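Across the two complexes that follow, chain A remains constant while its partner is chain B and subsequently chain C.
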Partner chain A sequence: MNNLAERLRGAARWETGLALVVIAVLIAGSSASPHFLTGGNLFNVGLSNGEIAIMTLPLTLIVISGEIDLSVASILGMASALLGVLWKDGWPMPAVFITVAIVGLAAGAVNGLLVTRLGLPSLAVTIGTLALYRGIATILLGPNTVASFPTAYTNLGVNGVPGTGGDVTYSTLIFVVLAVIFGVVLHATTAGRSIYAMGASAEAAQFAGIRVKRIKTVLYMVSGLVCSLAGVLYTFRLNTAVQNNGLGLELDVVAIVLLAGVSIFGGKGTVIGVVLAVLAFAGIQNALFLTNFNQEASGIVTGALLLASVFVPNAARWLRYLPQKIRPRKISPQEIGPQET
Partner chain B sequence: MNLRRASWLALAIPITVALAACSSSSSSSSSSSAPASSAPASSAPASSSAPASSAPASSLKTGLNVYVVPKQLGQSYFTTADSQNSGGAIAAISSLGSTGTETSGTAATPAAQIPAIQAAIAKGANALVVSATDPTALCPTLQSAMKKGIAVVTYDSDAPTCRSLFINQASTAQIGTSEVDILAKELNGTGQIAIVSAAASATNQNAWIGYMKQELKKYPKMSLVATVYGNDDATVSTQVTQGLLQQYPNLKGIISPTTVGIAAAAAVLDTAKYRGKVMLTGLGTPDSMKKFVSDGTVKAFELWNPADLGYLAGYAAIELASGKITGAQGQSFTAGKLGSYTIGADNTVLLGPPYVFDASNINKFNF
Partner chain C sequence: MRTTTPVKANGNAVTAAASAAENSRRAGRLAERVFRVRESGIVVVLAVFVAITAAIQPRFLNLSNIQFILIDTTVFALLALGETMVVISRNVDLSVGSVLGLSAYASSNLFGAHPGIPIPLVFAAGLGIGMACGVVNGTMVAVGKVPSLVVTLATLYIIRGIDILLFSGKQVVESELPGAFLDIPRSTIFGIPDLAIAIAVVIGAGAYYLRTYRSGRELYAIGSNPEAARLAGIPVGKRIFTAFAASGAIAGIAGVLWAAQYGTIDSSAGTGYELQVVSAVVVGGVAIFGGSGSVIGAALGALLLATITTALYVLGISPFWDQAIWGLLLILAIALDQTITIRLTSALRSRRTRHE
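Then we have the complex of A and B:
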């Protein structure tokens, strides 16, 4: 317990740094463009980053548990394709939603079972399903595009949530609600503590009576479900179901989770960190657009930011031990002794 | 602990500086301001409608902000279509005394293109010149632009229900049918053929492929065995072409109606095993195809001049934003060096017939 509290304190410092970055982005963005801190821009940012943000939440839990899920964007694509195909075939929308949710759960369950029951490395499994689920999306839709969704649904790409002045998108609202739920589960329940414990050491967690395999499978299923929800939002926002929807988004999702200070080796990270990382990521991208920054170079900025997020905590440790490394080591006679005799 | 905080500051400061730097210069590599002789670009763009009496197109507004949004940045085709140096859209816009800026995403998807369009609207665009990555996905964004009074022109790839005018590079039917005809002539109308397309959702690709299938009915001994998608990515296009050749050992011809796809396919065919045995045609740029035409891998291919396409789109955007035309059928306008154009059915302006490049003429072109 004490160890856990210490870990949380360590994480809190990372969040402080992230909050500083978010503030820096806000100041720089609003001084660079008068359009940055406006309601309309908030809507645009929410619209173009909503699905990515939503998908970071389950991935955060998976990474803290010591695993990875790279198939998130492919599940989004598969859900989008399925939504398109079923709607085109004349299914009623509620039935379509239920089917898409079930398929999302199943896609996550396949990931989870392969990882936990067969003991395969999650990196390899989810790279495999990344290709597999995208392949299913391609087979479902082929070269076709479905764009005949009812306006009542596609309006979520046009209108904001009522009562917010139209500045908050539905995807933003869903992200906020899910962030609260995931935050409570991770930080205030036994299940959450189990996730940290198995991320720190799966073996120790197993011996402590934590059902590691079951919890990890559930996490993958939640990820599948949430990603299929993201797929539905993505499809309606663009009013387009096509097999390459969300292609490559997994990199953005993983980048945000790492930027949030979630340890890729498991056992560390917070939901607050992820929310801050989403804000920083979306804010920087948007500010670059609004300032006529050469978009071809925007990859450099996000890439550098990600590298920095991995480097900074290690740099602090490295700097702390630097004096010892530079100082010439005094070699004691005892150390040399045995080699000479 | 302090060191850790200090290193965080080290991360935060460069970001602040970088963003602040953007605000002061506020330029991108591809933006170009109006020539000094005309109205200064810094004047309030929306309100400055003072006619420049000395210019030939005297009733056109100057000082407008036009954003040119290709499918994606960093493709030579769109760079040629858009840039000042090649005489594309931005050249036309700046010759009329307005400011043209190229912006888009770094991937040819609606999800990457939409934020760029939204930002252009937020920055006070007077007109948008867009090559649509999807016929419908951009519509909510483009329609919100039109509601704000922004002139929306599509070029290269259309979004039919949410623009005032589409600048069509060549008639869809002509491109689709003529490519099949070129290949049929090379193959004497016999054999298996395949198509290497771009993205499965690309509007223009699918329309051309539709006409190709129709035209193929004229050649009963030719059969289309597969259509594969290279996503306008050289690596993917190479892989799918190699896959085709392995899967269909009797393949005699390939049509690739995309500049990235045809160059990748030509590189795959440029070996003793395939040269002259598998024919290739489609849409390509002269620069990327010169090598393959000179060594006999490719006999003939087509294209239009992308710079002319961009130039016409840029001109049309200024005409629209000035209220000189509305995009209705039958209206006509003069587009500088290109001459006079009349708006046809579906609010479309046709640039001209596709141009066939072969060994006899390819060295005359540089783009």
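Then we have the complex of A and C:
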């Protein structure tokens, strides 16, 4: 019980820290640029980070379960390429959506089956499928660009959600809805508890009767599906399907998840943390953009935050243990032994 | 293994024992052979690939093509050498592409800034820049005791960011570089590029070091079981630090070679190389969770990937197929390693039973 309370305190502290970072970013951003806290800017932030934010959610569950998925951005690219090719071939849009969703699920299933049924390390497998799925996108589209999507769909990337004054993008709305769903599943269902359990110890979870392999496979399939959705959003936002859509985004997605306090070794992390980390990441990128910082170099800040995410908890632990090390040990009378008289 | 143990219904103990002994002898042979089997496996795949390509398109085997493949391999084989040392110790270095980029620009820029600067000094600068990055990585992993995946993912961003902040929008062009520098990847002896020979020697030295020297063996021990290695008195932190410093230094040298090879350098050099290097290492049979694999295997992995790229080009297959084939090959290689590991484990287990 005591242990549980201790752990809850530790988790709360990390999320509190992140919330403070978000507040600091808001203050710094709004003092640096008068445009920072405007509705139009909110729209831009949502637009440029929507797909990344959406992809962090399934990855969070995968990392908590003790695995990793580096193929997320390649699934996004593959979905985008497929969308372009099928649309160019004259398929009706609903049929295109269903096909893209099925391919996303299949891509996730391949990851999941390789990891769970063949027992291969997920880091290596998903580096492989990172290349494979990007390769399929490249084969599908080659050097071509598809940019003739109907305006009814590309408007998704231009207009806000009605009733919000046009300041909230559809991708933001989808992220919020998904965050609620993932949050409920992770924190309030048996399946969610099972994910933590297998992340803490896959073997113990297995012996406790949790279907570790099945749940992990399902997580990868969900990731595939969500990433293909992100691919569709990405394509419509830019009104372009090219083979390198979303190239390299996996690093941003992983960085956000780790920044959120999700342990790379599994078993630890919250959806609230991920939402806060998304806000911090998006806020910093945007503040740097508005202050004319070299946009390409904004990775420095992402990297520094990532380092902070692993060093701050460690430093806190050192500080807690330090007094014990420094304080001189009391010597008990028994150790000195019976005194000669 | 296809051995069956015929224990007859009447329970002929002698037959069973003899067959068990035979079984374990085979297991022992298998265990000893298996450490060599991965390299020969890649050589076979490479040979089959070259044979098929050459049969369809004989000009694949002409001298300039082979030279091209070898030169293309050198940078990756070097990076794979450093990465192997890190991966064997159950870590990973994702920052190599960024280190290469920073070193490539900063070192080649010296030629413009200080005309007449001796070439070895430029290599030393590249080495120094790389080693500084490696020392930072190594300190954080070994002293800070944080996962290398996270640390090197962060330094991947930070080092690339520094590169962009310093050199964004600028370019080093071929005309600023001395001819002798640009000739480094181009000079040949008996048709073989000098550079490829030099790199092969370096890789051979690396392989000898890891196989023979105490500190090299200790990297394997750390990767197999870090806790056991610590209890056995191995200076785990020191060895891991050294591996990262070496990987950084090697990436720095690779950056200078990259500059010599391409001639035009901007702040984006080497972007995305980290995944290609990890691919080469894994295809080469180095276990991603440490403890097994060899530098020669990793270098052969780099050679195989470069050969595939060129072969597809020569065969007239669109280069758009490259990446998908790489990915498939990588997955096949991991699956193959897994099969070998499972068989080896069961073989070793049956050998151990005999000794009891």
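Heads up, the rule we're going with is that the second predicted complex is superposed on the first by the 309 of 341 C-alpha atoms of A that agree within 3 Å, B and C clash if a C-alpha of one lies under 4 Å from a C-alpha of the other, contacts with A are read in each partner's own complex, and residues count from 1 in each chain.
In this section, a contact is a pair of C-beta atoms (placed from the backbone, for glycine too) under 8 Å apart; a residue touches a chain by one contact, two chains touch by 3 or more.
Every value quoted in this text rests on a predicted model; they were computed, and no experiment measured them.
Chain B and chain C, once both complexes are superposed via chain A, clash. Contacts of A:Lys213 after superposition on the shared chain: neither chain B nor chain C is touched.
Shared-chain residue A:Leu258: touches chain C; no touch with chain B.
Using the contact criterion defined above for the overlaid structures, shared-chain residue A:His187 touches neither chain B nor chain C, since it reaches no partner.
When the two complexes are superposed, the chain touching more residues of chain A, out of chain B and chain C, is B.
By the touch criterion defined above, A:Gly248 reaches both chain B and chain C. In the superposition on chain A, contact of A:Glu296 is made with both chain B and chain C. Shared-chain residue A:Lys88: touches no atom of chain B or chain C. Of the two partner chains, chain B is the only one that A:Val312 touches; chain C does not reach it.
When the two structures are aligned on the shared chain, A:Gly142 is found in touch with chain B and with chain C. In the superposition on the C-alpha atoms of chain A, the part of chain A touched by chain B in one complex and by chain C in the other spans residues 138, 142-143, 243, 248, 294, 296, 298-299, 301, 309. Residues of chain C touching chain A in their complex: 92, 140, 144-147, 149-151, 153-158, 160-162, 164-165, 168, 271-272, 275, 278-279, 282, 288-289, 318, 320-328, 330-331, 334-335, 338.
Per the touch definition, chain B reaches chain A in the complex via residues 1, 3-5, 7-13, 15-16, 18-20, 22-23, 26-31, 73-74, 101, 103-107, 109-111, 114-116, 118-119, 122-123, 134-137, 139-140, 144, 197, 199-201, 206, 227, 229, 231.
Chain A meets chain C in the complex at residues 114, 118-121, 123-125, 127-136, 138-139, 142-143, 243, 248, 251, 254-255, 258, 264-265, 294, 296-304, 306-307, 309-311, 314. On the chain A side of its complex with chain B, the touching residues are 13, 16-17, 20-21, 24-25, 27-29, 31-33, 35, 38, 40-41, 44, 47-48, 138, 141-145, 147, 154, 157-158, 234, 237-240, 242-249, 284-296, 298-299, 301, 305, 308-309, 312-313, 315-316, 319-320.
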